[in-house]
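In the two complexes below, subunit A is the common chain; its partner is subunit B in one and subunit C in the other.
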Partner chain A sequence: MPIRHASGVYWRALAAHVRSVIEYPADLWIMATAGAVWNVLQFAFLAVLFANVPHIEGWGFHEMLMLSGLLSIAGGANALCFDGAWNTGSMVIKGDIDYRITRPAPVILQVGSSHIGLQSFGELALGFAMLVYGWIGAGVGMAWIPVGALAIVCAALIQTALVTAFCAVNFWIKSPMSIFAFLLIQLQGGAMKLPLGVFPAAVRVVALFIVPVAFINVVPVAVFTGHMTAWWLVGVPLAAVAAVALAAGVYRLGLRAYDSAGH
Partner chain B sequence: MANLDVALATISFKRKIAYKSTWFFSVLFGEWSLLAGLAVWNHLIGDGEIGGYDWDAMKAYLIIGFLTGTLAWAGSDWEMAGRILDGMVAIDLTKPVDFQRARAAEYIGGMTASIPSAILGTAAAALLFRPAGPVSPLAAALTAFSLLFIFPLAFGISYLATLACFLTQRFLGIQWAKDSMVAFFSGMMIPVALMPVWLQGVAWALPFVHFTTTPASIYLGRVDTAGALGLIAAEAAWAVGLWVIGRLIWRRLVKKVTVHGG
Partner chain C sequence: MPILEARSLTKTFRRPDKASGFKGAVKHLMQRKFKNYTAVDGIDLSIDAGESVAYVGPNGAGKSTTVKLLTGILRPSEGTVRVMGRDPHTERIANAHDIGVLFGQRTQLWWDLPVEESLKLLKHMYGVSDADYQRRIAKFDELLDLNEFMPALARTLSLGQRMRADLACALIHDPKMVYLDEPTIGLDISVKDRLRAFLRELVNDGTTLLLTSHDLADIEEVCERIVVIDKGAIAYDGSIERLKAHYITTKAVNLYLEGTADVPALAEKFPDYEWTAGEAPSEVTVTYESGRFTTAEVLGSLTAQLSPRDLSLSEPSIEDVIRRLYAGELTK
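What follows is the complex of A and B.
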C-alpha cells in the first residue's frame, strides 16, 4: 500500500479528532490540566528529594529533571499522535477491528489515529519546560541541541511503538484494559526517572536490551550530561527502528490471530 | 437493600478474580514498585537516616505503602468510568438503586479481591526484608484499624475522579492524574516528613495522606495513641466528607446526560 495514501488516511483521521476537540472545550481543559498535574507533582517530587539529598548516583537535580522532562515529552507525543492504540483491546472484544480490516489502509494506523489523548497538551508543555530548565541548569551546551532534537524524535517513536506493541497483546489476552501497556507506563514512571545505576544489573539489562525503555530518556540524558560515553547515542535510533519493527510485527501477528467477536 | 449491596459486591469480586492474568500482573507491578522503592531508598539512606527514617523504619514504611497501594489500586475505577463514558449511566438512572451506593458496593467488592494478594505479598516482603516491627501491640492494632478506612477513602476519591467523565471522552488521563495525586500526597512517592513545612500542611489537609503516612506513622510510633486516634477520626471524617461531596457533584453533573432517541 503506498505510504502516501496511508499517511493521508492517518492525518485526515487525526484532523477529524481535532475538529471534535474544538466542539468539546471542557474535555480539552480537564484533560490538559490532568496531564499537567502529574508533571507538576513529578517536579515537586524531585524538588523535595533534592532538598534532602545532594545527588543520586552522581546525578543532580537538573539532570534528573531532564530525565523526567524527556519521558513526559515521549508520553505526550504518544498520546497526541497514536493514542488510539489503547482502543485495541476494546476493539478486539467488540469486533470493531472488522471495520478496519475492510478499509484500504493499514489497520495499525487506523486504530492508532482513532483518538487523541488530550492530556498530551499538558504533558508536552510541562515536559518541555522541565527539559529546558534542566538543560540550562545542568549546563548542557548548545552544541547538543541538534542531537537533543533527534533524541526527542526517537523517544517519541520508541515510546509510541512500545505502547502500541504492548496494547497489541490484547489480541490474545482479550481484555478491554491494556494492562501490559499500562504496566509499562507505570514501570517507566517508577524506574526510568532515576539513574540506572541505582538498580541491580538485571534491571539495567532489561531496560537497555530487552524492552529498550532506557533509550527513551536515560541514555540520551546520560550522554548529554557526561554520565555515559557518546557511543551510546548510536543505540537511540537503532532502538527506535527496532521498536517500530516490533510494534508492526506484533500487530500483524495479532491481526492473524484475530477472530472477531462472538466466536 | 443491604442484600443488594452484598450482591453487587460479590459480582464485582467474581469479575475481578475471573481475569487472572490482569490480577497476576497487577500484583507483579506492586511487587516491582516495592523492589524499586527499596533499591532507591537503600541507596539514599545507607547506614544513616532521612527525615527520621532509618533503613529498618523505611523498609516498614515501604511495605505498608505496598499493602495500601495494592488495596487502593484494586478498585473498579475503569468499570465505574465506563458506565458514564458509554452511556450506561442513562440506564442506571431508571433503576431503583442509588448510583453512588451501587458503585460503592461494586468498588469495595473489587478491592476485596486483592486482599489475599496484598496479605501474601506483605508477609513475603516482611519475611524477606525484615522491616522494623510495630512500636507496640496497641499501635499494631490501631494500624490495622486505620487500614480499614482505605476502602471508603479509595472509593470516595475514585468516584470523584470518574465523575469527571461526564465532561471528558476518556478516563486514562484522569486516572493518571488521580494516581499521581495519591502517590505524591500519600507519601508513597516520597515521605511527607521530607517535604517543606508548607507542603506538609497541604498534604495533611488532603485525604490522600491516609493511604500511607497515617498507617505508617501509627505503626512506627511517630504519633502517640491520642495522635493515632485523631488520625483515625480524620480518616472517618474524610470518608463521610468524600461521600457527601460525591453526591453534591453528581447532582450537578448528571444533568449533562443526554438520552438520544427518547
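What follows is the complex of A and C.
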C-alpha cells in the first residue's frame, strides 16, 4: 500500500468530516468552548497554586504552564486527527470493522479518521495560548522554536499512537469503553502536568521508557527550560517512532484476532 | 476457471461455557471454561466467473460467516480460500480492489457525512477515475434514483435509501466479484423489486455474484445456482431448476366441491392420493406423486367422480423445497 495513497485516503476523510462539522456551527462552538473552558480551568488552577507556592521541584509558573499547554496540544491533535480510534471497542463489538477490512486502505487510518472531536478546536487554541505564554514568561527564547515545532509534532504523534494502541486492546477485551486509553488520559492529566522529579524512580522509568508519556511534554519542556540536558531531545522523535510502531503492531494483531459479530 | 475457490473451509469460534445468571457469571470468572463452536464446517465451494449464486440457509447456518471468510474479514480455522488466485485475508488490499461487499444489516456509509461524500471517499480509495465515477453514478441514478438523496447525511436516510446508497458504494469500483449479504432485508416490496432488477442487470453485465437472502424471491429472480447450507455444511449445491426437478416430487390440486368435503371418505375412495381439508368446508387439497400420475390423469378421475364446482392447480414452490431441506426432510 503506497503511503501516498493511504495518507490521501486519511486526509480526505478528515477533510470531509471538517466540512460536515462546519455545516453545524452550533455543535462546533459548544464543543470547542467546552474544550477551551477545561484549559482555562487548568490555567486558573496553576495561577492560584503559584500565587501561594513559589515553585514545585524547581519549576515555576510559566514552566508548568508550558507542560499543560503542550499536553493540551497533544490531546487536541489526537481528538482532531484520530478521534475515531476511541470507537475501536464499539466497532469491534458491532462488527463495524468488517467493511473497513474489505476496502483497499489501512484499517487503522480508516478507523482513526472516522470521527473528529469538536472539543479539539478549543483544546488546541488554549493549548497553544498557554504554551506561548509560558514560553515567553519562562524566557525560553526564539532559538528553540524549530525544535519546539518538532516537539509539538512528536507530542501529537506519541499521544495519538499511545491512545490508539490502548484502544486497540478492545480487539481482545470486547468492551465498547476504551478503559485503558481513558486511564492513560486520566494519569496524564494528573501526573504529566508535574515535573518528573516529584515522582519515585520507578514511575520515572515507566513514564520515560515503558509508556513514554514523558516525551510528550515533560522532557521537551524540561530541556527548553534547562532542567534536563539537550541530549534528552533525541528521545522525543525516537519515542514517537516507537509509539507509532507499537500502535500499528497492536492494531495489526488485533485485526488478526478480530472475529466480527453475528456468527 | 473458478473466480472463487474454497477448500475444506472451516471456522471455529471459542465461546464461554457458563451457566446462565449471576451465579454462572461468577463461577465462570473463577473457573474459565470455553467450548468450540463450528460455524462453518469443511465447505468446498467453487464459483466460475459470471455465475450468480444464491447462498441460503436457516438462521445460524453459517451464511454470514462464510461470506466473511470469503471476503477476508475472518481468517479460516482450517482450509483455504482463493479469490482470483489470492488469499483474501493475507492479500487483503489487492483482493479489495476486485470485490464489492454489502451487508444488509450494516451500512458502509460514513454516518455523519452526505452520501455523495461517502461515494467520493470510496472513489479515491479505489482509485476510480473521474470519468468512470461520473458514468457509474449516472447509471446508479438511472436504476436506483441515487441523486434523490445524494446530499443527505447517511444518518437521515430511510432504510430503502440507505440500501440503495450502500449498493452504489459496493459497486463504485466495478468489482469483478460481488458479495451481497441480505441486500433486501427490511425493504418494502417496491424497493425490493427495484434492487432485484438492478441485480439482474449486474449479472447480465457479467459480474460474478454471491447472494445470501432469506427472501426466496431474490434467489429465483436473480440467481441460476443455489447453495443450501445447514449447520455449517453444504446441504445442496446445484441449479435452481435441478433442485426443483429433483426434489419437487409431488403436485397438488385444490378442489371446491358442491357440499362439505368428507376427507376420510375421499381418502378411502382414492387411496393413491393424499387428501387434506382446505380452509372452507367444501375445499380439499389432493396431493399426488408427479412421477406416478400425470396431472391430466388425476384431473380426469377426480372431475369424473366428484364433479367439483371449481378447481385450481398448485405450482411447485422452491420455498417449500428449501423449507424441507432446512428441516432435514430432504438429503443431498
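Brief remarks follow.
Definition applied: the second predicted complex is superposed on the first by the 262 of 263 C-alpha atoms of A that agree within 3 Å, B and C clash if a C-alpha of one lies under 4 Å from a C-alpha of the other, contacts with A are read in each partner's own complex, and residues count from 1 in each chain.
The definition used in the following text is that a residue touches a chain if its C-beta (ideal position, glycine included) is under 8 Å from a C-beta of that chain, and two chains touch if they have at least 3 such contacts.
If you're wondering where the values come from, they're calculated on a predicted model, not measured in any experiment.
Of the two partner chains placed by the overlay, only subunit B lies in contact with A:51; subunit C stays clear of it. Judged by the touch definition given at the top, the superposed model places A:209 against neither subunit B nor subunit C. Contact comparison for subunit A: of subunit B and subunit C, B touches the greater number of residues.
Of the two partner chains placed by the overlay, only subunit B lies in contact with A:173; subunit C stays clear of it. Of the two partner chains placed by superposition, only subunit C is touched by A:104; subunit B is not. By the touch criterion defined above, A:260 lies against subunit C but remains apart from subunit B after alignment on the C-alpha atoms of chain A. Once the two complexes are overlaid on the shared chain, A:194 sits against subunit B while remaining clear of subunit C. With the contact threshold set out at the top, residues 115 of subunit A are in contact with subunit B in one structure and with subunit C in the other. The residues of subunit C lying in touch with subunit A in their complex are 11, 13, 37, 39, 60, 62, 64-65, 68, 71-75, 92-94, 96-97, 99, 101, 103, 105-106, 108, 110, 112-114, 117, 120-122, 124-127, 153. Listed in rising order, the residues of subunit A touching subunit B in the complex are 24, 26-27, 30-31, 33-35, 37-38, 41-42, 44-45, 48-49, 51-53, 56-57, 79, 86, 115, 117-119, 173, 175-177, 179-180, 183, 186-187, 190-191, 194, 198-200, 203.
Subunit A meets subunit C in the complex at residues 1, 5, 8-9, 12-13, 16-17, 19-20, 94-99, 101-105, 114-115, 256, 258-260, 262-263.
Taken together, the subunit B residues at the contact with subunit A in this complex read 19, 21-22, 25-26, 28-29, 32-33, 36-37, 39-40, 43-44, 50-51, 78, 82, 164, 167-170, 172-174, 176-177, 179-181, 183-184, 189-190, 194-196, 199.
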